[in-house]
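Note sheet for the following structure.
The letters A, B and C name the chains in turn, as written, and every chain counts its residues from 1.
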């Protein structure tokens, strides 16, 4: 099990049964029996929030969300568990060279792509060469930016060269190095994104844009199931794209859909009494935060930034939005993560302090500021709560709602005063989390400045391999972010998905994306 | 659209307005429409007096409460009073509707007048541009413009006006064209009356009846477009109370029926007001023509 | 007739050109970096610069317009900046959904509107007429997106009879397809129906006052025969014109309706493309919708002129 998942309802029921005592062994044995005996055939329909823009893994823009579809079609050389353990995928073994700047992979034999061509080192190399290609200019190439080249050293021997020794290279390869069929890419050219071919348990069947993608069983899949026959158990997987959390919940309740991705806490309340449904906590979640633009007034003044932070009642905000399924943390690292540190907290709710700071900064009569948000939930509710809370601290907020693209443009042009964003945390590794959001290669510097000191701290931490040294360094980085009041870390929302109890053995990636390879459905 | 039917009504002369109101109130639908319309306007005008709560007051402890004696229509996702938000929402809506009607009326009248008065090339050019504008479904046109310029009250007004000015332009152009050939205009021009003077003195009184009917019709469809844009999130910005936004928010809370039902009723009644007024006015205008023996 | 048709088409061409011009320029003043759409948010500034040149965003706007127009006219709509899919394929994918939705909505509107309109006209001044009139006034006032929300609330949540959203192609499962299409079609259909009621009522009344109907009645022909033989034939022409004119309205309504019900038609494509700044898709999508509207109006006019020669004269002179 690579994720912390549990079924609230069945767990609660089970404990009742335990208390009764006598039925326990019978019930548990029956449950275990039912669980262990996969049924072949059938269809599972999943509903997820974002339709991928392409089924070519180098051309996605949904981060984790793209993997809800991709992970059924594609596999990478490595697999990674929730605890960060790296396991074999399409590679059976791997080892770092002595200088730690290259990794040698031995690849699995007898694996075929969906188009019938064979998977081998030459084929795998193409994926990485495409990522490196300046001409192709693939958007997701930056995920593999630690790599400088690949060498085919035998029919099933592949070497990947790195820029520098890095603790983040293996997770990056596992996450972003999804292996595509070179023959299919050759054949379809620009249209490959709609005609994908990988080695995964399901192959692409059809795509109704704006609605759904249908995948069918790959009869030549290499892994065997518990019954000794090839996986997957399911005949078909249908992935529907539904933006509204409330609609997803209606669909899963009525049985039109069998599993849905993250829903809002309020919608979860409406399913808690339904014995056909099971809640699944994915172990990660999203941190809602905002960034100050410190490149220009007013927030180039740290006192004003601190005034905003003292003016916010994050605890109330968290309770209103997550109904208790969340945490207020000093930075974006949630409390179960190994680099979490509660002592970093510096900004309790203190409107008086906020007013005092405003006065010190010459805004005794109050401060007018504009908050940019993306048109989505819960951002709009968060913004309006901030507006109400900050009003009491003497800060008048105007909210400007834009779509995602305009927000990116505005951040890039440093037109914002401050803006709300959210990130899926914890990542596979803090090196990835901090590098991606605050580091030198972050897609946007949300504070409006390139902070070399912070970049160096993040680069340095990523180079270390000793766990306790790293822990200290990440504490320093977090302290730096808090002390300089660069960001407002509002709260963490747990991600909770809902599935029908008929869905069995559905695994999930670290990011919460579904892997239907071993899933089956009880009729 | 504008046949010769309304042209010759200038004979009826002054004193039309009090009579119009009287006719309107005698007309069954007209009376209902007038009452609804006046209700809407006074709601917008006296919003601070009428609303029981501050529409923007966030009350965390009251979030999503169902209708009760304190909050007649319940509260929203931030504990704000829905009744008060609907009352204040009338302001935003009426601003957009009034702005859109006025702007399309003025711009349409000017374009229509220019087209007919200058004739030939200008007429052809302006009318083709207007044909093009009218060919684009109004909501799509508004969506494109608001998406291009950004969500903002004025751009919403501009977008709706642009989508609707063609109707006024055609109306005014038709009036001008038919009058242009008439003797008294020729005579006025002969004695050196300016274009604007002719426009105001002779053409406006003739077109006024139709303009009023059209205004009601356009107000109704402006209201629909405005609320649809808000519903899509392309209009009023939070925390400004807006009916369309309230319905969209209500859609995120299906089980809480009061969130989407009441704002919808508000939009419905407002559209109904303009529709009834429009129908009644058209009836009255037609009947007058009939009375005068023109039909 | 041929002269009329060619003249009418001649009038349409400048309108189409103006629309194309208008659509292109409105869409291109949308703020936001188009390379963000191409590359996503994860790309570097260098990658962005390469893309800007690759796609020609660095050229003057008018050059881009002419380029777009010539390519569009030659049938090359380019590729989506967002998904890199051929825009042509995307539109072809979506068009049948929107056409099906419009057709179903129209059927609903006609099935409700024509009988109700005829009934109201035949029973003019009675309670029946008043009730029908009241219902159409009320139906006209209901904002259709709210109606959509209410229908979902009622049929999907309270009664759990129909799914709230989604789409299955008709070819895959006609039953599933209709189950998913009925609510959006009702939403649009109920919005258009009152207009049909009114037009039908008005034109039936018009026909009823004609001499030949009076004569037929005087001759003792039963009403059912009169309705069938005279009234329907003559009264439905203006109704069909109205239907033609309403198409634009219906496609506009489809934008919001498809968004509510996640119906993958042209409307939801345009809304999605607007928010991702996918210029080629927005341009071609809106252009296609407008072309459809213009085309249907053209056909309506021609049919109308064919039926009524006076119109033909009016336009040619």
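A few remarks follow.
Definition applied: contacts are C-beta pairs under 8 Å (C-beta built on N, C-alpha and C of every residue); 3 or more make two chains touch, one makes a residue touch a chain.
On a predicted model such as this, the values are computed, not experimentally measured, just so you know.
Every chain gets a centre from its CA atoms, and the centre nearest the mean of all protein CA atoms is that of C. Here B-C and A-B were compared by C-beta pairs in contact; the pair with more is B-C. Taking the CA centroid of chain B as reference, the farthest chain centroid is that of A.
Between chain A and chain C the centroid-to-centroid distance comes to 40 Å (mean Cα coordinates, whole Å). Averaging C-alpha coordinates per chain places the centre of chain B 22 Å away from that of chain C. Taking the mean of the C-alpha atoms as each chain's centre, chain A and chain B sit 47 Å apart. For chain C, the set of residues that touch two or more other chains comprises 31, 157, 275.
Annotation for chain B: residues touching 2 or more other chains are 150, 251, 254-255.
Touching of two or more other chains is recorded for residues 250, 375, 406 of chain A.
Within the complex formed with chain A, the chain C residues making contact are 31-33, 36-44, 47, 50-51, 54, 79, 82-86, 90, 93-94, 156-157, 160, 163-167, 169, 262-265, 268-269, 272, 275-277. Here chain B touches chain A in the complex through residues 56-58, 60, 63-64, 77-78, 150-151, 233, 237-239, 251-255, going by the rule given at the top.
Interface of chain B with chain C (complex): residues 29, 128-129, 131-133, 135-140, 143-145, 147-150, 224, 227-228, 231-232, 244, 247, 250-251, 254-255, 257, 260-261, 264, 267-269, 271-272, 275-276, 279. Against chain B, in their complex, chain C makes its touches with residues 11, 14-15, 18-19, 22-23, 26-27, 29-31, 137-138, 140-143, 145-146, 149-150, 152-153, 157, 248-249, 251-253, 255-256, 259-260, 270-271, 274-275, 282, 286, 289-290, 293-294, 297.
Within the complex, the chain A residues that touch chain C are 53-54, 59-61, 134, 137, 139-140, 142-143, 190-191, 193-194, 208-212, 240-243, 247, 250-251, 254, 256, 375, 403-406, 408-409, 412, 441, 443-444.
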